[in-house]
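Single-structure report; data block below.
Read from first to last, the chains carry the letters A, B, C and D; within each, the first residue is number 1.
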Amino acid sequence: MDKKLKIVTIGGGSGYTPELVKGFITRYDEMPIDELWLVDVEEGAEKLEIIAKLCQKIIDKSGYPIKLMSTLNRREALKDADFVLTQIRAGQLSSRVKDENIPLKYRFVGQETNGPGELLNAFRTIPVMIDICTEMEALCPDAWLINFANPAGMLAEAVLNHTNWEKMISICNGPLNIEHAIADALGVDRKRVFAEFVGLNHLVFAKRILLDGQEVTAFVVDQLVRGEVKIDNPGVSNWDADFLTGIQAIPMSYLQYYWKTDEVIKAEQQAANNEGSRAVVAKRLEKELFSVYADSDLDDVPGILSQRGGAGYSECACDLILSLHTDKRDVQTVNTRNMRAIDNLALSDVVEVNCLITKAGPIPLTTGKLPDALNGLIQQMKAFEKVACEAAVTGDYQKALVAMTINPLVSSDTKAKEILDEMLIANEEYLPQFDLTQLKIKEVIQ
Amino acid sequence: MDKKLKIVTIGGGSGYTPELVKGFITRYDEMPIDELWLVDVEEGAEKLEIIAKLCQKIIDKSGYPIKLMSTLNRREALKDADFVLTQIRAGQLSSRVKDENIPLKYRFVGQETNGPGELLNAFRTIPVMIDICTEMEALCPDAWLINFANPAGMLAEAVLNHTNWEKMISICNGPLNIEHAIADALGVDRKRVFAEFVGLNHLVFAKRILLDGQEVTAFVVDQLVRGEVKIDNPGVSNWDADFLTGIQAIPMSYLQYYWKTDEVIKAEQQAANNEGSRAVVAKRLEKELFSVYADSDLDDVPGILSQRGGAGYSECACDLILSLHTDKRDVQTVNTRNMRAIDNLALSDVVEVNCLITKAGPIPLTTGKLPDALNGLIQQMKAFEKVACEAAVTGDYQKALVAMTINPLVSSDTKAKEILDEMLIANEEYLPQFDLTQLKIKEVIQ
Amino acid sequence: MDKKLKIVTIGGGSGYTPELVKGFITRYDEMPIDELWLVDVEEGAEKLEIIAKLCQKIIDKSGYPIKLMSTLNRREALKDADFVLTQIRAGQLSSRVKDENIPLKYRFVGQETNGPGELLNAFRTIPVMIDICTEMEALCPDAWLINFANPAGMLAEAVLNHTNWEKMISICNGPLNIEHAIADALGVDRKRVFAEFVGLNHLVFAKRILLDGQEVTAFVVDQLVRGEVKIDNPGVSNWDADFLTGIQAIPMSYLQYYWKTDEVIKAEQQAANNEGSRAVVAKRLEKELFSVYADSDLDDVPGILSQRGGAGYSECACDLILSLHTDKRDVQTVNTRNMRAIDNLALSDVVEVNCLITKAGPIPLTTGKLPDALNGLIQQMKAFEKVACEAAVTGDYQKALVAMTINPLVSSDTKAKEILDEMLIANEEYLPQFDLTQLKIKEVIQ
Amino acid sequence: MDKKLKIVTIGGGSGYTPELVKGFITRYDEMPIDELWLVDVEEGAEKLEIIAKLCQKIIDKSGYPIKLMSTLNRREALKDADFVLTQIRAGQLSSRVKDENIPLKYRFVGQETNGPGELLNAFRTIPVMIDICTEMEALCPDAWLINFANPAGMLAEAVLNHTNWEKMISICNGPLNIEHAIADALGVDRKRVFAEFVGLNHLVFAKRILLDGQEVTAFVVDQLVRGEVKIDNPGVSNWDADFLTGIQAIPMSYLQYYWKTDEVIKAEQQAANNEGSRAVVAKRLEKELFSVYADSDLDDVPGILSQRGGAGYSECACDLILSLHTDKRDVQTVNTRNMRAIDNLALSDVVEVNCLITKAGPIPLTTGKLPDALNGLIQQMKAFEKVACEAAVTGDYQKALVAMTINPLVSSDTKAKEILDEMLIANEEYLPQFDLTQLKIKEVIQ
């Protein structure tokens, strides 16, 4: 217990990092960090510098003896780490722009964690995650890898079922935000609420809600139907009252991509024609954010961050690290192997469910069988994820095409092929696993 | 064994009946039928008369002592039956026209066994099937109910999991046609081919193909990819070569509704604008067919029937009845309870798989786990079917809406509601289980 | 939350009650009890009076305003209860004497929670539990039923799978004692130990042991092998070192009945010939205990109690009630429906596993697949329990015989029948569900 | 199809071989064998010569052009084989004597396919089977391995789950004999009977019996109870009427070892004291048999063989080979991977169930969930088998001890160790996988 605590953040130049640092400071008494390393890639060097300066000021202000280091040398940072956080974006926001804009041309959902964009995002990010795991095996074999890069569920699926690395957890602020929203709507402290989450990352449902241990699911659904509760991350979730009453569960806002597809595509197209797609807006916001961050007087997280979305990531990440570190045994919702928490899925399938967080890792809580109304889509997306991970790991083009075609947001094998080919070529520099020679020749010929 | 054999065909006025009668005649030596009853509803009285006359001539020509009766009194026919065949269409072809045309207005697939049309078809037909089962319990409790009405899988799901009637099997000529096509492509007799089918009705795959017991799946997939084999019922199945190679299975042609959705909708819209939707064409063909049938010289099944689709239904139905009757213990592909033939589905879920046909009913053959590439869609459709059956049996509007929304061919809860409301009202006379008062008031108000 | 808290103890005249009262007093600040009712049957009236007097003195000494009532009228006590504790022994210690002595005559294990004795104990106790549940439905439908009567696992199996009562948990101090023993052996506070228990009541294993979140299973097994740790309730557990190392799990001491059968029978026979069977000794101890309890100066639990076994029951029961009452969400090991916590058993099978204790009840934590070495016996005993519960609920003699024969401690169907017949007749007055007329005639004739 | 058919029998010097040859002759028209090789080990050279001479005369008499070769060179025989039959006994009858006599000393069942004898038999035979598979990979990679050596179920478990060899099936005449007995009792041809077998080798039950497709299970159970049907291989099966009625299934006669343990041990002890154990008797019978076989006038299977037990092995083996060779697709009961034929066991667990026999191998027929009454013992024995196979393959002493202890016929870990040690040393020359140095030193010291 006397061992010094070393935390490494890969993608440390992210605009979320200052919030994370504040989270660590808040929990310093329970979890005194000795070293906090911020790592980034060459392309992010400038941002990393700005972030590192701001974080140093925030730490200085706190008075805690946390040593902050920033580096572009990932291996140096990983050496003897206790916790490694990944908040990377393979291909930066420019790739996200492609994830959003190319699908829209085909009248498909354009989004980095759903549809064709999700698949390409996975293809870009999985090789990076595998590299990190390989380095961790050598440099910090006892560390936990806490990922909040997207697509978080698939990254966990890939690491836990396609590498030897075991100590990996993916997290998302979605479930936490739903719990907060429910608590707000009920006018109670969040700790009194217990929401049983089932599903996959960005495809999760609160299927049973307890208030002080009393079942209040039907009441909350009713509140939501009447508009008394609002639960959205980014985006609309004005579910039809009869539909929501019919499923008797609170869907995470991203479910709109599947059950409000037409509306989403329309809204995305309008946005693209006006202020630009989400990634374009994010790019703009990020620019503003970093100009504020660069302000030499700033020594705190500025209000502007909240417009970026992702509020709560710091709370999620810090709470998880704290519970892992202190063997706290509280319940948090994370992405880990199912172990039959959900009866309908395999033991090894990665799911997003409530877990007891022990120092030895998350232990999923049982939830029984999924209702049929939820099971269909969850199964379909898990099947997609598994085929996609195989394609991402092997670089097998036919598997990639199968993944694209069976994605419920893609409407035909022919279009799947067109969009896959276009997106593979557009992302070429981040896809070392795929051999695109043939595709490019074909393109030239056409 | 001396008991007289009585077979009853409900929907006996169908244009397929003469072929069925020929099938019985061909198998007379193994299965000597004493009485063959043709039953139909009032609206079908005229057609029934034409069919009965033609069938009588076919029987007379055969020389076999089969007694043919036709009646509009179903209960009279069912008394002491040994086999009851259902080839009904609740709401006749006019309802099918709605199943096809209303969805198309919303740019959804318009088809009586897929998408919104399938749901309404199930809502209309399930109550009729339940009535038939109730009557059979009283009038012929030892008989087998062999259904080839659509949606065949859901009708079996509804009967086997929502009534007490156990002796029910749904069949479809799809698997048989695929086996025939494979045999033709390989230039061998069908008996030498063994195709392992997995999935649901109209959502079935040949996932393993043996020729004389040798695995030839990859070879046949390759043949299909090269266009050497053609496997289609109605419609296109020009699967992308890489996609098909990726899934390593032969999809039933109806898979086009899910994996060539755009192309299908386009083709349907073109057809609707030109020759009319499939149901309109079928109506026309039926008219022609019955004018041919009514020809007093005819004493055989005319060639024109084959244009109607559904070739092979007679072979399926007669082979099944023969094997049940004689305890033949051969392998046929039918819709029955899973019993874990498919590891990923529940014991009681109705599936379309290979079964040993004994006199005591079908015993499914194990097939192991579904490949991920197929599992997603199969799970989703099974979940849809289960919610849909619950809605059909209870008349619960919210469940009906959930079913409509989670159908993979419907793109949003809002549109699901619009189309559900329109189709419920359009089918009102065939939906005694639903209380549509509110809906109709709403419609008037708008 | 202002509601007054009422706890009812059925079998309140038990010698364990004073300890329980002390447990409530210790936790009074978190869980202020208003009324504590002690209920017993006519035969226990005298003991109940002694216990009630002692408990009143203990309460008086504590200074807390807990109202104590004792009654022979169970319905009066149950009215509006919040928690109902059952610590009954159907047929008192005299029946336990039979559970122990009759099997010994056949050279079978004689024990009230294993072998033939367990079966008869279940047959006597299940009808009483079902009666209690029926009364609770009417008188206190929101209360929790916390059972520590034996056979605890089977009583939960019977209530949860053969009645409509849902809010029932069976507990046993076995797992807690193992955790204490491990903590003692490691020289640490129990809270730092986390043992993953899997199995059934009195057939449970600690299959994974964490110390501060570090896996130490192999180390603890090794300690046990070397005799550094001792883990026994009643009885010997000197497992063979190679065997224990082979299974890599800590078996609850009652496993000796299955894996040290010969030694146990020998020891039981010796005891029976000397100091008397366990029940005889317990009777004697109880007599002594009650003469001490009756001492008018006593106002605390006397040391003598610990000789009785069952230490820790009070800790178990009070901790569970506290967590249920306060929605504490800590982890405790209880008997509840599996929900696939153990992958090899059905969702509804009652198991003894770690659960998160919420106000809405226990939520089992997943444990994955059982190792083969443990799975065989656990499956066999669960199968036995299920057949036994069916026999207990229906009074079906043939099922009772099947249960007796498939019990792994009974060696043949013929002997099973002999012993079953003898024990049924010996327990007749407590077995209203069985019709023993035939058996008794047979006995007379012989 | 023109390829010449070569069959190899390992353990060809067995007394059963002439019957097998007759079986091949009977089926010659459907399956014309070109070469039949008899292989044996050095110790069996003399018997092999006698058998080969007799078989040659039987073939000559038949007039079919089957070439018979006998050899001690297994590799020579295996080259290009189509079917390899194993009817070996590792350690000959002398080892079987130990399997029977050593356990009896401990008052355990002494039998080569149950209890300690089974475990040691598996330890001796599994390495030989693995060697054969390795040779087949090199010499006849397309051949089927048909095993009827004991313990047949465990040999299949070991080959199918611990080697790369896939084309292996174990068979036993037990199920066939039960079907024959049922048919005899009902006075009908066996083909009209369909018995659904579930379980493991030598632990199998007919749980559903159809006559001409009518369920007659209850009737047959009742017949058995009344003594109208007799179903025994070797040994007694006078099940208690209430017990048998309670389980509603026909247990294979070997179930007596588990549910009539006391009676069996008593009978075995009596036999050992009188005519000698089964192996001793078998040795004597074998001697007589071979002296008859050696008679130069004999050119047929003599009547004496039937006293040896094992009648029907030839029918089983020949029928299976015929169906595999001709892709017959009939139903036979064999030992193969479960594939969820039995819902309660894993996909890969080897079970004895009804299968459709295709040229590509057996496809198990689904049977649903096991009744609780049967599930317990089947699970326990499957768990035992799996631990035993791991021990047999790895030579891990602790696993061997766990296997011995969890066997339901062994009553304590201490005795398990004693008997294991004694039997390991007694079988030393056939156990290359175990390092027994320590054990032998210990023995010397004592």
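For this structure, a couple of remarks:
Keep this in mind: a contact is a pair of C-beta atoms (placed from the backbone, for glycine too) under 8 Å apart; a residue touches a chain by one contact, two chains touch by 3 or more.
Just so it is clear, the structure is predicted and the values come from calculations on it, not from any experiment.
Of all chains, the one whose CA centroid is most distant from that of chain D is A.
Inter-chain spacing, taken between the CA centroids of chain A and chain B, is 44 Å.
Rounded to whole angstrom units, the spacing between the C-alpha centres of chain A and chain D is 56.
Contact of a single residue of chain B with at least two other chains is seen at no position. By the contact rule set out at the top, the touching chain pairs are A-B, A-C, B-D, C-D.
Residues of chain A touching chain C in their complex: 1, 192, 194, 210, 212-215, 324, 327, 329-331, 338-341, 343, 347, 356, 358-360, 363-369. Within the complex formed with chain B, the chain A residues making contact are 239-240, 242-243, 245-247, 259-263, 372-373, 375-377, 379-384, 386-387, 397-399, 401-402, 405-406, 408, 411-417.
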